[in-house]
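First up is the structure itself, then whatever we jot down about it.
Labels run A, B, C and D following the written order; every chain starts at residue 1.
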Amino acid sequence: MAGSSFGTLFRITTWGESHGQGLGAVIDGCPAGLSLCEEDIQRFLDRRKPGQSAYVTQRRESDRARIMSGVFEGRTTGTPISILIMNEDQHSADYSDIALVYRPGHADYTYDAKYGFRDYRGGGRSSGRETAARVAAGAVAAKLLEQLGIKVCAYSQCIGGNGIDYDRFDIAERDRNPFAMPDAEAAKAVEADAQTAIGSLDSLGGIIECVVSNMPAGLGEPVFDKLDANLAKAVLSIGAVKGFEIGDGFMVAELKGSENNDEFYMEKGKVRKRTNHSGGVLGGISDGGDIVFRAAVKPTPSIASLQNTVTRDGEDTSVAVRGRHDPMIVPRAVVVVEAMTACTIADMLLQNACSRLENIEKIYEGRI
Amino acid sequence: MAGSSFGTLFRITTWGESHGQGLGAVIDGCPAGLSLCEEDIQRFLDRRKPGQSAYVTQRRESDRARIMSGVFEGRTTGTPISILIMNEDQHSADYSDIALVYRPGHADYTYDAKYGFRDYRGGGRSSGRETAARVAAGAVAAKLLEQLGIKVCAYSQCIGGNGIDYDRFDIAERDRNPFAMPDAEAAKAVEADAQTAIGSLDSLGGIIECVVSNMPAGLGEPVFDKLDANLAKAVLSIGAVKGFEIGDGFMVAELKGSENNDEFYMEKGKVRKRTNHSGGVLGGISDGGDIVFRAAVKPTPSIASLQNTVTRDGEDTSVAVRGRHDPMIVPRAVVVVEAMTACTIADMLLQNACSRLENIEKIYEGRI
Amino acid sequence: MAGSSFGTLFRITTWGESHGQGLGAVIDGCPAGLSLCEEDIQRFLDRRKPGQSAYVTQRRESDRARIMSGVFEGRTTGTPISILIMNEDQHSADYSDIALVYRPGHADYTYDAKYGFRDYRGGGRSSGRETAARVAAGAVAAKLLEQLGIKVCAYSQCIGGNGIDYDRFDIAERDRNPFAMPDAEAAKAVEADAQTAIGSLDSLGGIIECVVSNMPAGLGEPVFDKLDANLAKAVLSIGAVKGFEIGDGFMVAELKGSENNDEFYMEKGKVRKRTNHSGGVLGGISDGGDIVFRAAVKPTPSIASLQNTVTRDGEDTSVAVRGRHDPMIVPRAVVVVEAMTACTIADMLLQNACSRLENIEKIYEGRI
Amino acid sequence: MAGSSFGTLFRITTWGESHGQGLGAVIDGCPAGLSLCEEDIQRFLDRRKPGQSAYVTQRRESDRARIMSGVFEGRTTGTPISILIMNEDQHSADYSDIALVYRPGHADYTYDAKYGFRDYRGGGRSSGRETAARVAAGAVAAKLLEQLGIKVCAYSQCIGGNGIDYDRFDIAERDRNPFAMPDAEAAKAVEADAQTAIGSLDSLGGIIECVVSNMPAGLGEPVFDKLDANLAKAVLSIGAVKGFEIGDGFMVAELKGSENNDEFYMEKGKVRKRTNHSGGVLGGISDGGDIVFRAAVKPTPSIASLQNTVTRDGEDTSVAVRGRHDPMIVPRAVVVVEAMTACTIADMLLQNACSRLENIEKIYEGRI
């Protein structure tokens, strides 16, 4: 498989390098009959587009998505949806110095260790640019979920140690500041730190939080394809992510059972929970509450200050990574987290369709 | 797939309920020629066996593993290895009251929401007992890794807020106290808290840390089957785990790029790193350093104090979960984390074998 | 994967060697709520049981199937169904001479070439006995199909060149003669040839035909998982099968388009076909007609006459395969073909459930 | 999965409709370091290009293949290879009449039955044009096999009942006549029949034979992923194929064990077979002999004579399929069979790499 596919029934396959001809995604398994157009995809891609503020890379990438197959007269046909994004504005010259030197915190060395050589231009397949293809695929998944009423929403929860204050939480604010923070004051604090970091040729890490609302109970396949296990994989598969926690997450280490359990109660004939310490998943299956999880995103490894390292040929050396790099990864990764989440939920939604005989009987009723 | 299989090339499939006939694992894809006997598996199973201290459940489960296929004259044959563990000491009566009541923090409700009904005896498939089958499979993976020189080692890093002091770290101590802590003093602090928790009919959560040493560089498949993404899934697929972090993990939110990057240097012709903030993975591929990650484990949801909840029939009620439950999950989960880690590393090790043409040529040399 | 699993959603994994501890199948993905008991499985297994006539092996294998998991109170729970068949009556001594000699027509040499050594007792994993586990799994698939009204029926169409006469076709007759032929006269001709073959220490080949009736249109996934492609794989995966054809099959080489096409017409508001040259599949998707295919089954390779061969150590030698072998494979393979067909159709039935958005909406209606 | 991917380790995913923007294939899992250029792919595509004789469709399709990713400085990088073929010369108007009418022998009805609607232009995804993407992917597989010394070669064995005479077999002749027949006289007989068929607005079927030479023993994964089972699936997944047989194939129904078994002997220290009735596969694993199989290909269903059928709206009607159709499918399908065979063998070759511990040790020797 070699790792470029994700999902079992809603299955995406991505391809493309930073400085190759282009990037793309093939989505196989999207049900037929879903209304879909290029604008649905473009809206997602535009959210990760660089050059929109001083705090992200100044590379210009128009990232126009083109649907090559699988859509006819405005609706998905059930056959593979291929999305193509051609590469532009490739300054290959910027990267010529890294052909021989392993940048600390990057995958240069590990790709060589794995494959024997690598496409070093802009990081090749290990570039953050790879995520454009995921975002395109995620836009299709999000459209499918939206059709059913399910909503995925992510935002920066913390950057450079500056966390949001939930009392000031305003999701509209997320799209007004360059840090994707739903809290204007926290965004200001980040701005100050960002300027300091840029000044000292350094970069910042942070945390992204994601909420899936309107979730049906029952999604997730025991025992290995638990909903939270698949979400963890989806999120950790994003380049710079170093941690995942759901619900109370790492805080459980200090909680008692009586504090971490969510009590059930009945409301209008439905089972509800008084709290959501579980983050919406019990035993790997959605419990009907909101899915709430967080992802830790490391600081951009491309920094302009001098670092010790080695050459491909095994000589000690040092490197200062120049070029047009984001001083922080978090803001542009927010939509990538949403995309991977949408793909995961869409896949589990389809997988769960076959969990009961009565569902199957409903579908084939009158057809056999 | 319905979720009971894990891995692509080293692929395990588990089955079994807490109070059914038994549990088992089928391992398909273990290379032929590996020395393997039942004792190799029993050694792992014995580490999760209950009843070994006052701080774990007093259920008696002998958990004898029997190899049913795939081993001939002491070596694996390359065909599926089936391991069978028969169930014993099932007090089904203990659980009769939970047939109709949803226990908070458990999967009772979510299984019903998914499947329409459930085997309620002891939690059925959602019981922690399910992990016995994973541990059996993990023992085979660990044997394979051991043969190549790779070692997986997990331990309790924190229970009930009592973390280990790395200055006192002693892995031999792990097997001497009932909490699997490599620090005798921390274990004592946990013991005091555990007694308090038991007294107040409550339970404790914690953190497990796992280290994989002697790792080759190059394992992990970009872009979705990253080594850390697959580890995250493996670990989150264990029932009570609510978080996963690798290397600096969630701490990256407060670190700068210059603090989080690991500098490279040469040592005896090999590429080395001065630090290990990455936790041994760069760009989803092992960098030759130790893999270091942590898993957050929630407190046992089965607590004897009274909690509000609902019945299967939609009535509000309350429940106090009686029976023989662990006051904490962490100690017995340590070997489960090792098992899932071993399975993941074994799978990535096999997958990586085909990454280069020269590897394939080496294998078929003289055969074509 | 190493090949011991079959299917995507209705997924079976088998294990076991001819003379090991036992054999088994794990079925993951059977929808919850299906009525199932051991007798459902036993009925299938009994049809492949040896020792029922002079024309099949005289080995005694009671082949009692035991359901180990996944069924509660008479219904499937949605979790893996593990079926265990313990081995009995193993005359390992019968096979000691083949430990070092490669039997012509058998997999002795190829297993050694692949794995470096093999469990030679009774053919190990390559034994026809392996099919017991498939038949057990197929019984579950058949029960699921039956619930929806779909019926799978196979029979011997030809043995030793003696084909059935469709004018005398009587499916009840299939279960009355030892050759599973739905034509008493053809069975008599086979009997005469079989006695001759036994007398000359030889064996006979033949053809199995299989019909699936009451098929819904729409099953099969373009372009690689076509219904007929998956059936072909399912059937060729049975040890002795050397060919597969559907509908007109190899006869198409002599037909014109006007002879091979099936014309459509309307009947009571439904699309029907006047003929069934297609064998029920168009473009890899079921067309609502009966699925009709044939499998070519080679003569038993174990023959008692002397054949030239080589030893494991590379010496020329000769061998006469003694022991209790079937003089023909066809009759006992009939139920194996049914089993693999049922598994394939069940899998495609589930896969197709997600082909349209309206199906998904129907399932989640009122739940989100 | 929805069926657009094939293979486990050498995994191809195709997309595209007859009259959409284009077609493509993504190959994930091709080992790094293989020399590859667009010309390698073009050479294969040119063999299925239409318009090269009077006996294939007169549509003009230049079918230029463009490598979009996965190749750097002339060698594969180990990351996904994306191949893009843009569509040209689409006469959508030709097909407007089939939007509402189901053509006999085509997938028009079955796609509607499955998905609720379809891209009717030129057959959409069910068009033979879909095979261009497979051929592109197969070219990469063939390059990989070639590097190891394995050769795949297919040809027309029979068209319209006119079979080749093996005494006149000349593979060079295959590329000299429009029927891909390695026998000039047989080709002449076909030519006569083809003119008659065209004259009577009809079409012809036939048989393709394929030989894989220089095969290593040991490829194929018991028990479900047998080499011949996977080949059968690969070949039946090609649109018009209705049958598959390997070695003696359906002839086994009339053979005795003594006639069908291949005797082994030693030659220069290697195990050889005196005959090849098995077609190179024993127990699902390659036995070192040539792989020899045949595929039955139905006559082109698009015929210009009038046929009864129904409309999408359930009315009886009749249709004469006009447009630029091949009077026979066989000649252009020859390279498609080669392509699918190459993909299958490449996949089994990689899968088998992990069958023995000693192979794994060889690869990681000195790296751990």
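Everything that follows uses one rule, which is that a contact is a pair of C-beta atoms (placed from the backbone, for glycine too) under 8 Å apart; a residue touches a chain by one contact, two chains touch by 3 or more.
No experiment lies behind these values; they were computed from the predicted model shown.
Trainee: Are the two sides of the subunit B and subunit C contact the same residues or different ones, given that same means over half of the numbers occur on both copies?
Mentor: Same: most residue numbers at the subunit B-subunit C interface appear in both copies.
Trainee: Subunit A and subunit C share one sequence, so how far apart are they rotationally when you fit their Cα atoms? Give it in degrees, rounded to a multiple of 5.
Mentor: About 180 degrees of rotation relates the two copies.
Trainee: If you take the mean of the Cα atoms for each chain, which one ends up farthest from subunit A?
Mentor: C
Trainee: How big is the gap, in whole Å, between where the Cα atoms of subunit B centre and where those of subunit D centre?
Mentor: Computed from C-alpha means, the inter-chain centre distance equals 44 Å.
Trainee: So the centre of each chain is just the mean of its C-alpha atoms; given that, what is the distance between subunit B and subunit C in Å?
Mentor: From the centre of subunit B to the centre of subunit C is 38 Å.
Trainee: Distance from the CA centroid of subunit A to that of subunit B, rounded to the nearest Å?
Mentor: The separation of the two C-alpha centroids amounts to 25 Å.
Trainee: What positions in subunit D touch 2 or more of the other chains?
Mentor: Residues 1-5, 8-9, 14, 29, 32-33, 78-79, 114-116, 125, 217-218, 222, 351, 355-356, 358.
Trainee: Per the contact definition, I'd like the list of subunit D residues that touch subunit B in the complex.
Mentor: Subunit D reaches subunit B through residues 8-9, 29, 31-34, 76, 78-79, 144, 147-150, 214-218, 222, 349-351, 353-364, 367-368.
Trainee: State the interface residues of subunit A toward subunit D in the complex, per the touch definition above.
Mentor: Subunit A reaches subunit D through residues 1-5, 8-9, 11, 13-17, 20-24, 26, 28-29, 32-33, 66-70, 72, 75, 77-82, 84, 114-119, 124-125.
Trainee: Residue numbers of subunit B touching subunit A in their complex, please.
Mentor: Touching subunit A from subunit B are residues 1-6, 8, 14, 102, 104-107, 109-111, 113-116, 125-126, 130, 158-161, 197, 202-207, 217-226, 228-237, 239, 242-266, 269, 271, 274, 278-279, 282-288, 294, 296-303, 305, 307-310, 314-316, 351-352, 355-356, 358.
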